[in-house]
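What follows is chain A paired twice: with chain B in the first complex and chain C in the second.
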Partner chain A sequence: MGLLTNLRDSISRVTDGLFAADEPKRIGIYGPPNAGKTTLANRIARDWTGDAVGPESHIPHETRRARRKEGVEIERNGRTVTIDIVDTPGVTTKVDYKEFLDHDMEKDDAVRRSREATEGVAEAMHWLREDVDGVIYVLDSTSDPFTQVNTMLIGIIESQDLPALILANKTDLPGSDVQQIANAFPQHETIPLSALEGDNMDEVYTKIAEYFG
Partner chain B sequence: MAGPKANVNAADDPDDSDDGVRIDMISGARMEGLTSMEKIRLILDGVREGNIVILEEGLSPDEESKLIEVTMTEISPDDFTGIEIETYPKAEAGDQSFLDKLMGRESTQKLTVIGPANRIETLHKDENLISTLVSRK
Partner chain C sequence: MPHQCTSCGRTFPDGSKEMLSGCPDCGGNKFQFKPANATENAGPAAEADEASDSAAGADGTPASDSGPSDGTRPTADGEVASASDEGAAARGPNNAADATPDDRADPTPDDAVAGAASTTGSDGTEQIADRSDEDMAQASARSEVVSPDELDRASRDVDSAETSEPTDEESKPGIDALRDELNDQFESIRIVSPGQYELNLMELYDRQEYIISLQEDGRYVIEMPDAWGIDDE
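Our next item is the complex of A and B:
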């Protein structure tokens, strides 16, 4: 009886493994606040599923919960790559509700938003350690990439051996400097894009298929 | 055998005057015997008291991830707004040999400065210099 049980368990593990290999990979969209992560997630989701992932805003920490869009099928070079997109809250080491008061927010709303933002960042870190198979790291190409949060997050991603694609977003804005991002993380490939305008999305999809397919 | 003390800050009888800024410099040897959560607790307890904590050998990427997560759970309005943390931007992964990676010997030795977000501001940072402005309470 014990032998049969063990045999059944072994077969079950093998078949589970086979099916797991076919399951869509969960790709986390990470980066600092206001880099355009949700704009990118919405762009990808709209292009391939017709739906959006979540609301976009210029106010930091608009995304305060990780949101997953399942089964996004991206067609490239005659084959289809299926991924789950996980749009995550922007990662930071500090949240002060007073910053939200500058965006015409009442104190109660600002405090609530900051509390939700801290929960969201903690959630994003947990996803990164436990639940994603690859990372799209989004940076605002008009901002200095040499920040501690970027350095730490790229280090965390590398320590877990997760495939990572770095996107230099907001190339439609004056002051965009893609080379600065490429210089900051020379060990990774940097792809320029404007998620808002849809510029260079063809290359982004080709790279997504290449990295995560 | 006595376990690691929960609080090993630089002074047993801290001077809590408003005039100065206390800096706790924690050696690599002191951190070596601590678990990840003990290290994070040691750092955050110091920072939440308004101190600047300097780690001789820094944290591993996994510990940095947990530090961010625990920091987020402790932020509260008008009390604690989080941390500022700075390390030298070194390409650690590239410096490691294949054998080191295989054996799990992570090179995490990097001087790290951590302080309360509302009291510490980084003025300049490059591969060789971290220049920080620390304000009083």
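Our next item is the complex of A and C:
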């Protein structure tokens, strides 16, 4: 009898997983390295769950494995939106250990970091193909957004018909140019923010609820 | 030629898509990459191939039966080993001794030939002992499933595999040739040199399986798609 009960439970779990409409949407935080993805993921997770997602760093490719924070409940306008956040490694077309040597890193560590970063990009691309229901695309508003990586990723996201929110991060820095990002992707709404300082997070949460709720 | 299944030794030409859903022969998902310039030992390999051909021919068993049917040329180690292993198994230990090609006119047998000869006289595991370090790793992979421990190591252990930085004069022709070759291929990650990579994002995105571990010696581990997903393709 126990066996039958177990069987019935697992079948209902599977069907629940397949058909549940209120399953939390899995939102991938994507973008080039050092755009502030983890800072944003931590900001969202701390604001709504009290936990962090992962360590932040000025050295590129600090996040080399996708990290998930499940069941983040965001309250907006009297209703609650539950999402799973996936903080992904920064996507790039080239990884060179030499760029890490400037950050006081030994060569061995730099080479290892470079290899892990490359594996991380492969993982991020795989998640994009298989496992996300929506994308928060984070860009550093002090950098030129017209890059091969950004164009390609936004193109993939559009071809998948995934809802996407473009965030122009680092508005606290002097060289920030939000308009340049808005111009680069006019087909999407661009939200300015400073994930580090927590500036304009209210609008970010409103848009998250609107796009992914 | 450059891709070799580390479980059964089957090899695949560069650009082959056969292996993308795992080795068709044994289902293995761990492959070793051998760039074109690393196949200079094709000479000895061809000799070894001949040796096993003549050995197999002695009792009328065509060695090519065990080769891939798609007409690709088998590479040295894996196919030779599997051909002679199969032959030896079919003939039994007594006949195996007869199969050693004593009348071969080669006066200076090198390692590969010695390896192939000893294969015919013994089982597969002894033959492994004659191989270089890299092939021993391959050989152990041939008999075991990759352990989670090794996967873990694969993602961290770079020191042992680290090679010295090649000088420009040495690396130029090799890398350029390799890059030209790879430009026509499906390659999604290029190892320019240890710690330097070029990624083809569209390829990474398009592949159903994904690379979960890279090693500097050209080995890599891919995660296999679920069996039910294959039909969808």
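Convention: the second predicted complex is superposed on the first by the 194 of 213 C-alpha atoms of A that agree within 3 Å, B and C clash if a C-alpha of one lies under 4 Å from a C-alpha of the other, contacts with A are read in each partner's own complex, and residues count from 1 in each chain.
Keep in mind that, in the parts below, a residue touches a chain if its C-beta (ideal position, glycine included) is under 8 Å from a C-beta of that chain, and two chains touch if they have at least 3 such contacts.
Being a predicted model, the structure only gives us computed values, none of them experimental.
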When chain B and chain C are modelled together on chain A, clash or fit: clash
Touched partner set for A:108, first chain B, second chain C, both or neither: second
Partner chain in contact with A:116 - chain B first, chain C second, else both or neither: second
Partner chain(s) touched by A:128 [first = chain B, second = chain C, both, neither]: both
Contacts of A:138 with chain B and chain C, given as first, second, both or neither: neither
First (chain B), second (chain C), both or neither touched by A:146: first
Which of chain B and chain C A:97 touches, first, second, both or neither: both
Partner chain in contact with A:195 - chain B first, chain C second, else both or neither: neither
Clashing chain C stretch [against chain B; choices 91-99, 127-135 or 181-189]: 181-189
Doubly contacted residues of chain A, that is, touched by chain B and again by chain C: 91-97, 111, 114-115, 118-119, 121-122, 125-126, 128-129, 152, 156
Complex contacts: residues of chain C adjacent to chain A: 155-156, 158-159, 162, 188-189, 194-202, 204-207, 210-214, 216
Contacting residues of chain A [partner chain B, same complex]: 91-97, 111, 114-115, 118-119, 121-122, 125-126, 128-129, 146, 148, 151-152, 155-156, 158-160, 187
Contact footprint of chain C on chain A as seen in their complex: 91-98, 107-108, 110-112, 114-116, 118-119, 121-123, 125-126, 128-129, 149, 152-153, 156
List of chain B residues in touch with chain A within their complex: 60-62, 64-66, 68-69, 71-73, 75, 77, 81-87, 89, 91-94, 106, 117-118, 122, 125
